[in-house]
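Each chain gets a letter, A, B, C and D, in the order it is written, and its residues are counted from 1.
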Amino acid sequence: MKTLALVISLLMGSILVVSLDDLPAWGDVNSPANSHVSAYYLDNTMQQTGVPNVVTSVLADYRGFDTMFETGVVFVAVIGIMAILRRDQRLEDIEKVERPPYFPPDPAITGVAARFIVPFMQIFGLYVLAHGHYSPGGGFQAGVILGASVILLAMTNGLNGALSRLTEDWFVLLSGLGFLIFAGVGLACMFYGGNFLDYSALAPLMGGEPSVAAVKARYHAMLWVEIGVTFTVMSAMFAIYSYLASDGWMDRGL
Amino acid sequence: MAWLEANYNYLLVIVLLMIGLWAMIGKNNLIKKCVGMCIFQNAIIMFFISMGAKAGSTIPILKLKEGATTYGVNDYIIDPTQYDNPLTQILMLTAIVVGVATLGMALTLVQKMYAEYGTCEEDEILEKIK
Amino acid sequence: MEQQYPVLIVLIPMFTALAITLIGWFRPVLCQPLAVAGLFGSFCSAVATLVQVKNTANGVISYHLGNWAPPYGIEHRFDGLNGLVLVMVSFVALLVAIYAKKPVEKELGGKISNFYTLFVLLVTGLLGMTISGDAFNLYVLLEIAALTSYALLAMGRGKAYMATFNYVILGTIGACFYLLGVGFLLIKTGSLNIADMGTIIPGLGGSNTILIAFGFLMVGVWIKMALFPFHGWLPNAYTYAPTATSCLVAPLMTKVSVYVMLRIMFWVYSAEWIFEVVQWQSVVMAVAVIAILMGSFFALAQRDIKKMLTYLIVAEIGYMVGGAWTGTSLGLTGTIYHIIADGLMTVCLFMVIGSIVYKKGSAQFESFKDAFQTMPWTMSALVVAGLSMIGVPPTCGFFSKWYLLGGAYISSNYVYMVALLISSLINAVLFIRIVETAFFGATSEEIPDPHDHAVRQIDESPLSMLIPIWMAAASLVLTGLYTRDIVTKWIQPILPGGLI
Amino acid sequence: MIWLYDFGLLVLVIIAALLTLNLRDLMGSAIVFGTYSFLMCLLWTVMGAVDVAFTEAAVGAGVSTVFVIATAYNIKKEAKD
């Protein structure tokens, strides 16, 4: 197996090296990848969506359908891992299973420090979410930071402590709800007569002059979409961690 | 040397792809396989990002013009050559998230196999399945 | 409303999956009816769009998501090819959703709502892959389909974990190769839209990068569809999966991958380019022949009928890849038609095997003993599906083989023709062996006891399983009878130029 | 000579990748994997992909590493290769 793997990877590497001379040089401003489609986004994002962070506008609007299913991937991961790993204490006897030794976390130093830092992490997460239109950041990053804050709490104060704040019922429902917010915004656009995810159809909700209202509608719908993404990613990260760390029993973590 | 200077990013991508693929196929420990999978995906992300970089440009967030006081359409510098390619970055945001979801799923399976067979070495598991 | 049908095909199952999670968390009983309702809605919109597409002038319906014109936004592109595949996928998924009620209750007691959520999301992913006109969107949906199928297959417990882990590793390699190929195309064309790439690539000439991109895309898709050297993950993963999962995944995953291969070969690239610039035709044909023969012979060696069917899937993949690479319009017609036919045949066979497992506990050869006396209706469906696998008219298996043989004859790929015929013969042997055991009550090794006159009670599988089985069997015959309409109305108008 | 600095980073990335795969101790392997992700994220920042780097710093260096550690905690911590 080892030699086979080596041969395959060397083969792939040599094939790729052959292609090098044909690729545009690194940093070429005029290569097709940098000019054909992507230039359109840079040219038009401001007047069509009003969002200066081009990554956010393309992520949530121009290619919003991708992002919706990306949220779907995270949601699938939660449901899939729950389906495979979750164990029921009513059906299986937890005493008979061999488990690694458990040392309850000592909250004296790490616990207190974590409790000190967690609120700041969460504030920063919310800032990243809300300011994603103007600076790096957005739904995913915010979701991961918020999820990481809960994971930190679980690692330092025991999984039970974190699970009492964000219970299993809640994180499954929240991950579904986030996906539903995203898809629901898209569906609302359909009810207002546009295509799926055509946020400008929501312009009547904004009021004001039609051309301005369309841009405004895109701007605000993007924020809603990012909020949906945040919900899903936050609960998903914590869900995956808690299933993995407790080996599916949901009683104690690392 | 000039060739190296022009292509070193792609060369790194190729080396990482090779390492990742080798680990995915050849490693015996299942967790190592999962880590190899992450390296493989990371290399592809690196490839896309290198493809979207432009010499002498900055991050794809529109800059305000000098002395602009409002945030209207005309107050931003709109010039595609000044900003990096946003498209490849968006694609790779998606790829990162897909990667972590796949990693979670793979690790779950490793844990279930450990519960079933008491080991996470591929050859020992195959021995026990027989 | 009419112009929204293409997106509804994907949206209805997606929202159904969400509803199943949110409602099923409290009331697991409602999961299965919800799944059936959602998939029925999806099937209806697929049929409506297929009818619509016939009446449009150029035979293509393009739906712009977010109202951004392609190539800047994502596009749903609906034509005769993916229309047929979509109808097949949603029909098969609907049948399996009806069928799944009893086996899921029996095998996956506490996880019903999880199962149906993943089930419907898998169908969403497959439908989205089929309808998407954007190469990267296709990748995202491919990952949705892949992740859900990992979870669904691993719900089989025991040996399923190792089999699924292999699938995760190989599937990720496949998906990453696909992504790498898309990256190479993006670097040369600057676009992600399939139709747009198709217009740019001919102008690039014999670029090395484009060729390597083609290689990576093909290898990625071949891993996903389990073509011969990459088929290692398939038999175990599908054998140890729960009944309802294997009924859904086995017919659909590989067929949709074949569709993706056709889309890349003839719409991103072009027939002229593939058969003149790339000199791979003979190699791929040889691989297809090996796949057919190896799949058939390995199937012959199995005692477990479910495993036997998984090897037959490997052989069928060989049929389709070979048909597409003959480079003839007849061969391509056969491949497209075989995607439909093979999806229906496989689901019918897997559902019958699932019923046997449900009643007798295993799919070993011995469980088929006297099955005709105890389960007459189930077994007669098996006969219909078997006839179709062998290729007996008027079932649809005959017509697809006819077109494939025609294509092979025109392009003088005689080895492939012989392989097709040998494979049909082996299929005949396999199914006659099963039917013999089921009818005469003795496996061929043991001598039947002449004094055994015990009248066996009829112990038929439940109606919720029998109805979808017979719907699948009827659809085999119906598809066969309406072959001409399907071929002339939908397949022939979209055949790309440049084929013999 | 910015590319020399860049080149040093690339070499570190490769060393980290090889080290992750060859450490016997799975916990150590997971930690080095976090380092690898973080170096990767530095590279992407240099190339102007701040959003991707941000996500990678949070997902790759943070959460993925925690996932690997969580699994390594539940199973035998020594790998054969």
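In the analysis below, contacts are C-beta pairs under 8 Å (C-beta built on N, C-alpha and C of every residue); 3 or more make two chains touch, one makes a residue touch a chain.
Everything numeric in this text was worked out from a predicted model, so none of it was measured.
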Farthest CA centroid from subunit C: chain D
Which chain pair shares more contacting C-beta pairs: A-B, or A-D?
A-B
Provide the C-alpha centroid distance between subunit A and subunit B, rounded to the nearest whole angstrom.
15
How many angstrom lie between the CA centroids of subunit C and subunit D, rounded to a whole number?
38
Distance from the CA centroid of subunit A to that of subunit D, rounded to the nearest Å?
20
Using mean C-alpha positions as chain centres, tell me how far subunit B is from subunit D in Å, no decimals.
11
Junction residues of subunit C, two or more chains touched:
136, 140, 143, 147, 150-151, 154, 186-187, 192
I need the residues of subunit B touching at least two other chains; which ones are they?
8-9, 15, 17, 19, 21, 23-25, 27-28, 50-54, 57, 59-61, 87-89, 93-94, 97-98, 100-101, 104-105, 107-112
Counting only residues that touch at least two other chains, what does the list for subunit A look like?
16, 23, 31, 33-35, 37-38, 41, 53, 55, 63, 66, 70, 73, 76-77, 80-81, 84, 136, 140, 240, 244, 247
Looking at the whole structure, which two-chain pairs count as touching?
A-B, A-C, A-D, B-C, B-D
Name, in rising order, each residue of subunit B that touches subunit A in their complex.
6-11, 13-15, 17-19, 21-28, 50-57, 59-62, 71, 73, 76, 78-81, 83, 85-90, 93-94, 97-98, 100-101, 104-105, 107-109, 111-112, 115
Please output the residues of subunit C touching subunit A within their complex, sorted ascending.
4, 7, 11, 14-15, 18, 21-22, 25, 63-68, 71-74, 110-111, 114-115, 117-118, 121, 124, 128, 136-137, 140-141, 143-144, 147-148, 150-152, 154-155, 184, 186-192, 200, 207-209, 212, 215
Considering the complex alone, what residue numbers of subunit C touch subunit B?
136, 140, 143, 147, 150-151, 154, 158-159, 161-162, 164-165, 168-169, 172-173, 176, 179-180, 183, 186-187, 192
Quick one: in the complex, what on subunit A touches subunit C?
15-16, 18-19, 21-24, 31-38, 40-41, 61-66, 69-70, 72-73, 75-77, 79-84, 86, 88, 91, 169, 172-173, 176-177, 179-180, 183, 187, 190, 194-201
Touching residues of subunit A toward subunit B in the complex: what are they?
1-2, 4-6, 8-10, 12-13, 16-17, 20, 23, 25-29, 31, 33-35, 37-39, 41-43, 45-47, 50, 52-55, 58-59, 63, 66-67, 70, 73-74, 76-77, 80-81, 84-85, 97, 134-136, 140, 233, 240, 243-244, 247-248
